[in-house]
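Below is one structure, written out as structure tokens; the observations come after it.
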Amino acid sequence: MSAPAVHSLWTTAAEPISKIDAPKIEYGQLSPTLIVIGAAIVGVLVEAFVPRKSRYHVQLFVSVVAMAAAFAAVVALAAGGYGTTKAHIAAMGAIAVDGPSLFLQGVILLTGLIGVFTFAERRLDPAAHGNRVDSFAAQAASVPGSESEQAAVKAGFTTTEAFPLLLFAVGGMLIFPAANDLLTLFVALEVFSLPLYLLCAVARRKRLMSQEAAVKYFLLGAFASAFTLFGIALLYGYAGSVSFATIAQVVDGTVPDVNPALADTMGNDALLLVGAAMVVMGLLFKVGAVPFHMWTPDVYQGAPTPVTGFMAAATKVAAFGALLRLLYVVLPGLRWDWRPVMWGVAIVTMLGGAIVAITQTDIKRMLAYSSIAHAGFILAGVIATTPDGVSSVLFYLAAYSFVTLGAFAVVTLVRDAGGEATHLSKWAGLGRRSPLVAAVFAVFLLAFAGIPLTSGFAGKFAVFKAAAEGGAAPLVVIGVISSAIAAFFYIRVIVLMFFSEPKPEGPTVAVPSPLTMTAIAVGVAVTLVLGVAPQYFLDLAGQAGVFVR
Amino acid sequence: MENLIALLVAAPLLGAAVLLCGGRRLDAVGHWIGTVLAAVSFVIGIVLFADMLGKGPEERTLTQHLFTWIPVGDFQAEIGFQLDQLSMTFVLLISGVGSLIHLYSVGYMEHDERRRRFFGYLNLFLAAMLLLVLADNYLLLYVGWEGVGLASYLLIGFWQHKPSAATAAKKAFLVNRVGDMGLSIAIMLMFTTFGTFAFGPVLASTGDASEGMLTAIGLMLLLAACGKSAQVPLQSWLGDAMEGPTPVSALIHAATMVTAGVYLIVRSADIFNASPDAQLVTTVVGAVTLLFGAIVGCAKDDIKKALAGSTMSQIGYMVLAAGLGPIGYVFAIMHLVTHGFFKAGLFLGAGSVMHGMNDEVDMRKYGGLRKYMPITFVTFGLGYLAIIGFPGLSGFFSKDKIIEAAFAKGGTEGWILGSVALLGAAITAYYMTRVMLMTFFGEERWRNQPTASPDEPSAEPAAEHHGAHAEPHPHESPKVMTIPMIVLAVGSVFAGGFFSIGNRFEHWLEPVTGYKHGNPPVSALTVTLSTMVVLVIGAGIAYAQYGRRPVPVVAPRGSLLTRAARRDLLQDDFNHVVLVRGGEHLTRSLVYVDHTLVDGVVNGTAASVGGLSGRLRRLQNGYARSYAVSMFGGAAILIAATLLMRGV
Amino acid sequence: MNPVNYLYLAALLFTIGATGVLIRRNAIVVFMCVELMLNACNLAFVAFSRMHGNLDGQIIAFFTMVVAAAEVVVGLAIIVSLFRTRHSASVDDASLMKL
Amino acid sequence: MTTMSQVVNAGFPLLTVTAGLPAVGAIATAAVPAARRTAAKWLALLVSLATLVLAVVILVRFEPGGDRYQLNESHAWIADFGVRYELGVDGIAVALIALTALLIPFVILAGWHDADPLETKSSRWRPTQGFFALILAVEAMVILSFEATDVFLFYIFFEAMLIPMYFLIGGFGDRAHQHGDKAAATQRSYAAVKFLLYNLVGGLIMLAAVIGLYVVAGTFSLSEIADARASGNLDMATGTERWLFLGFFFAFAVKAPLWPLHTWLPNAMGEATAPVAVLITAVVDKVGTFAMLRFCLQLFPEASKWATPVILVLALISIIYGALLAVGQRDIKRLVAYASISHFGFIIMGIFAMTTQGQSGATLYMVNHGISTAALMLVAGFLISRRGSRLIADYGGVQKVAPVLAGTFLIGGLATLSLPGLAPFVSEFLVLVGTFARYPVIGIIATFGIVLAALYTLVLYQRTMTGPVKAEVAEMPDLKLRELVVVAPLIALLIFLGVYPKPVTDIVNPAVQHTMSDVQQKDPQPDVEAAK
């Protein structure tokens, strides 16, 4: 045999190496995320190098500046038309810079900013050994009640890590609704989930509950993300790619070049359907839809209230953003398959949340269930699958997040010896003691209940209108019924605050620092403005309602 | 001239307004203001009457249109008056008798610290009553109709501190309301049938309407008349109405208001003429009532209640006559007028007696009073003779005519009605004689008798001046009271005769009501004679029972009929059992239903949602693994559902 | 050998992991079951990558490992702190909040 | 005419100002410092009087002969929801606005001392300011809901007015019961919650219908919908129209209230102070019946005709049932409440009788019932505040010690039983005639209502005012000047409108003609052409 022939038996001629072209990253358009993540890393460095005494202020400064800057960047981008005309896919197809993502990023950043304020509040708890303390543990690592903790308290430690964690979470959330391929989606999911797990665990008071909340949240969250990941795997298997655009094409059958393998998997709809279902399930877990909601009450109750407020607001925004993108960009071709299923989910979520909330006795748990019910309302808007559907959901998310932040901020104010007095019975007669706080909280409750002239009503009307126009009239009817049920327990709290005699040993209302005041004030302002003159924001959401693919 | 009509109503209305809003500062002169204003409208009445006499019979009707009241689409209600002979008759009767009784009350209510208000109410009544008879459409008539009802309510219940008075007032108003229902339905029927409810158009176009519709309207009007005129079955209130001060009983519950029903029927003559059925029912109602009232009158020992029964019965005569159609209308009105005189006189007499007897009303505690109050005795006696129809006195003419007309209806009906009327005359003679004897003759049973029996708290404040248990000192009443009595007595003696000379009254009313002379199967003379006979019989029996034998101070148990009659022939018990008790049970049960059923459904729903919530809560059992299970199950369902949608 | 079998294996592993999460009490074990599920996903990715003949799946597998590692860090931190306060790592003991 | 009304429109936004004044007044009143309680009262009173003046201006500038809607204002508001800020008044609205503006000053004056704090609370607690501010807020919202010609705009205030009402009912009970009386407090908050939930449920179901309407019609503007219907561009499927109608009607029937959705009213009126009770039944509930006329009939004529028989029967039940329950009550205020239910039955019956008399009568009835109930309820309130009990059995012989009080009470009662010569008679008779003309049987049965009305009114008067004087009321003072100032004008008005209702009917009739043409109905003609 000839030498080359023999040679060719165990070697093959290598292809000449074609040069790898460097990835093209539009830093400008990714700036919001980059700023926040960068600030987070700075925060970590601060923890490492800045002396303990001054960490709090440095961290606060860094976080606020970062959020503000990032928000400014978002506004700039939106003003630059990236939300509408120049919307396109950035970072090699990983990130979509378009209306929804910019709008949601803006909302997330504002909630994050207010979140920072509530995190930084240190006037509510009585000073320990002359050190102002916030609502985070002196030293999360030390066992509550142990000498090491007392030492830490005496030394005036505080968990200033909370700020970088918050920044990481926000960074993840910024990516989540903008993610344009499944991998980015998953990574973003983890990036914002993990810090939240930690934040749940570090309450100063009631640490046992806090840690329990963290464990539950973590295990269930990991469980859910495992499902998501498997779903992603199946979708990848179906389409041979994780890019939203490609998958969408494959689903629609408009993919340009079909190789045999793809042709083979494309034929197998089970892959697609099961995969899609599992990914969607992961997102439903994050928005807290029935039956994936059960972590919500426990985590909301156990976590430090500022964290709860931030989580309740921002997580929903991010997760719904991702859900919208997934359903509207990736799976529109599957509409007729997922819409009925979503119908079911929306119905049980609306009713379940509202009904179970009736018998709650803890204000934080009650708000948790109410958040579940609201997830149901938003789902009704998601199902519309019309441009109106998108914009109405965006508007609802914006309205809802501020109300939630404000409400939880008020919750932090009502305190007794054991910290926050979250048991409803302790709220009796609050309206007599401190009318202003009670009135503010009443405003938030009325907004939750969807009373006209509050943002809650405008949002509810928007999503129901979209749903009705999308042909989901029955959903609207069930929606109003569950709103009626929900109204009952919001009203109950108002009755408690205003019409029942205050208990002698009832809680006191702490006078907060300007930080929390700002948070609450912003909440009220947004609630009323969006309720009375929502047109401008509806326009905003309307313009932002177009996805790029 | 016609512009004066409004003044007829306005004068007393002004009086009412002034007296009721005036406040205490008018207490001193209030009663005179009231009396004068009543007199004013009487004078205006006289003026208009004179003017009317000056015209020919056909163009005597005056109308005055004030303003449009309720203009809505085709529904055009006007405020307008119509003064014709019929109205004029009433105007004179009302304002005349009214003025007299105002005068009388000045004395009678002397000791009552609320006299001003009493006169206010009296004026209010006059205004309403005049409005009733002057209205030119049924809706405005309805206003007066309920207005007199209100005045009667206020006056019956004038002594509100007496629960019995308050109850009687309420009862009167309620029973009347049932009648008013009839009137309002009648008006609605007229509106839907004729598109109007003004006298002129409606009565002119009865010809075009179906008889069924006219019968319906007629019966509804009759229902109204029954309520106002205390005819069976709505008579129950009149007896209790005697709780009011005696002048009220005289004016409202004898002379004027209770006769409004007769006015209504006669006014609606054309409707009844066109509907024999309605007429028949009317006559039956009248006949039944005249017996009913008479029987009740025989059994009562309370002088006012006895007179009330008699009133009921006499109005029965009028309704009967009105039901007879053109042959009766005129006599109905004529009897109405004469009855107005003598019955008012009788009541005033009764009042005068009570005034002298510490407001004792039980005739068994009277007796032999003629010596002590001669004027009262004489006037009361003349009234007595008039009502029993003693030849030559008012009652004789009017009642006799009615009896004739009843026979003249012809056929079996005629005979039945006629004989009923005769029987009524006999009973009338009986009970009136009884009253007369028990009051003014026989031994003086009031001596060493505690007056005002303790269980019956003395009505009139006068009693507070005399000791409640002191022996009464019968005395004649003051001039201000006797003069009206005398005037009325004169009326009750001569009115009838005056009207009958040359059938004046027939000619006078004929243009309005129409008149047809009815020929009784037997000669008029026979009728008159038989009337005399039964009259004598009735009076005789009464004399035998109460004139010859002493009257027991405590009423004997009496026969079954007597006892029934004392209780208004048990119809009060019937009302109590059926309406009052039944109503109470109904409302009670409804309150229960409202609370448990209607409210219960809602609360039940709420409770069930709450229960559901409680059960669903338990799923949230705190174990992370069970949460994981629900997630896993949820995922499974989600996947399965998605696959099912595709049917893979 | 048919790469689909690898998928079956992946599914099997995933199910085993899920079942473990549902039935095991010890937080650590539960957490390791989650890791097992993640690795099942990795297997699936690699298998699909082979089927489609593109490298995305394998790259994702690496990402997954990183994420898993991060989860371990956070997860163990939480679980350990819980253990130190309660002296037990049983997830069922952590049930203060319910209803 | 158009030009004329344009002339009227030129000039400043009268309707907005009329509604805005009390709104601003509410804020101002609420802002008065705690110590200056009396100042707050006077401020509220003056604001309400100024509003009354403005209402009179509306009354004057409105021309009955003119366009259907006058003094129009229209501005863009929420384009995305197809919502415009559109105001305009027809005769019915004008009458009811006048009524509202008229009653509020009396309500304020009658409630002068109802909200004085019993013990000195923390300086931040300002019940008095709150009380009067809430009343003004209610006035503003009620007026706006009368003025709105945009369904969504109407809905917003229809719902929003619940909140201040809710606080008024739950927050301020009878003085008699306030002294730390736990039971009364729970009763009160129960009543408040019941009120709110009933109306909220109604409102939410209406919300679904409102959304549905938008999906069908694409706009909320009455005028645009009317044009679309006229030009045939709007064709609702029969089924859709009926569902939407039911959605709207349910909300209004709860508010009105119609049997069997009435049970919140007795609780609310029983527990609230008399002025607030008046606010509920005389002002707020009118929005419900008003809305039936303006929205149900105008938007869904076919469905209205379809539903008429059922609604008439329900109204009939309300009339009789309400009256019978009024007879059975032991509590003065609950009695008045049930009486109101009976009267609302009449109003609804008149609206759906679909005759000119019925609908004009119903509108007139709304006004008259407002005045008469106000008179009766406020006097009852004065009575209750003297004795400190709402139970009828606790009174007796009041007439002897307080004749003026008793007299006014009687007149109020007589108005309630619609005695001829007083305003309610006119409207009640019109309603009866209007109903009778088309549905004789129902008309006749309804007539029984007048007997029952007499029954419960006179029983109430007899038990409280007549009979021997009870020891507890022996030294009860008669009406004070303030109270007399409250009652006297109402009574005068009752008499005036009873004798000369023409001013009101002239304003109302044209509007009713429009409504009648909306539902394409003509009055039944008489069988006989009466000779003139």
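Per-chain numbering from 1; labels A, B, C and D assigned in written order.
The rule is short, and it goes like this: a residue touches a chain if its C-beta (ideal position, glycine included) is under 8 Å from a C-beta of that chain, and two chains touch if they have at least 3 such contacts.
Remember, it's a predicted structure, so these values are computed and weren't measured experimentally.
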Which of B-D and A-D has more C-beta contact pairs: B-D
Inter-chain centre distance, chain C versus chain D - centres from mean C-alpha coordinates, in Å: 65
Cα-centroid distance, chain A relative to chain D, in whole angstrom: 46
Gap in Å, rounded to a whole number, between the CA centres of chain D and chain B: 37
Averaged-CA centre spacing for the pair chain C and chain B, given as whole angstrom: 97
Chain B residues counted as touching two or more neighbouring chains: 617, 620, 622, 624, 628
Residue numbers of chain C (touch at least two other chains): 18, 21, 30, 91, 94-98
All chain pairs that touch each other: A-B, A-C, A-D, B-C, B-D
Residues of chain C defined as touching chain B within the complex: 18, 21-23, 25, 30, 91-92, 94-99
Of chain B, residues touching chain A in the complex: 606, 609-610, 612-614, 616-617, 619-620, 622, 624, 626-628, 630-631, 633-635, 637-639, 641-643, 645-646, 648
Parts of chain C lying in touch with chain A, wherever the complex brings them together: 7, 10, 14, 17-18, 21, 27, 30-31, 34, 37-38, 40-41, 44-45, 47-48, 51-54, 56-57, 59-60, 63-64, 67, 70-71, 74-75, 77-79, 81-82, 84-86, 91, 94-98
Touch list for chain B against partner chain C, complex: 617-618, 620-625, 628-629, 632
Partner chain A, residues of chain D touching it in the complex: 76-81, 121-122, 124-126, 155-157, 159-160, 162-163, 166-167, 170-171, 180, 182, 185, 188-189, 192-193, 196-197, 200-201, 204-205, 207-208, 211-212, 214-215
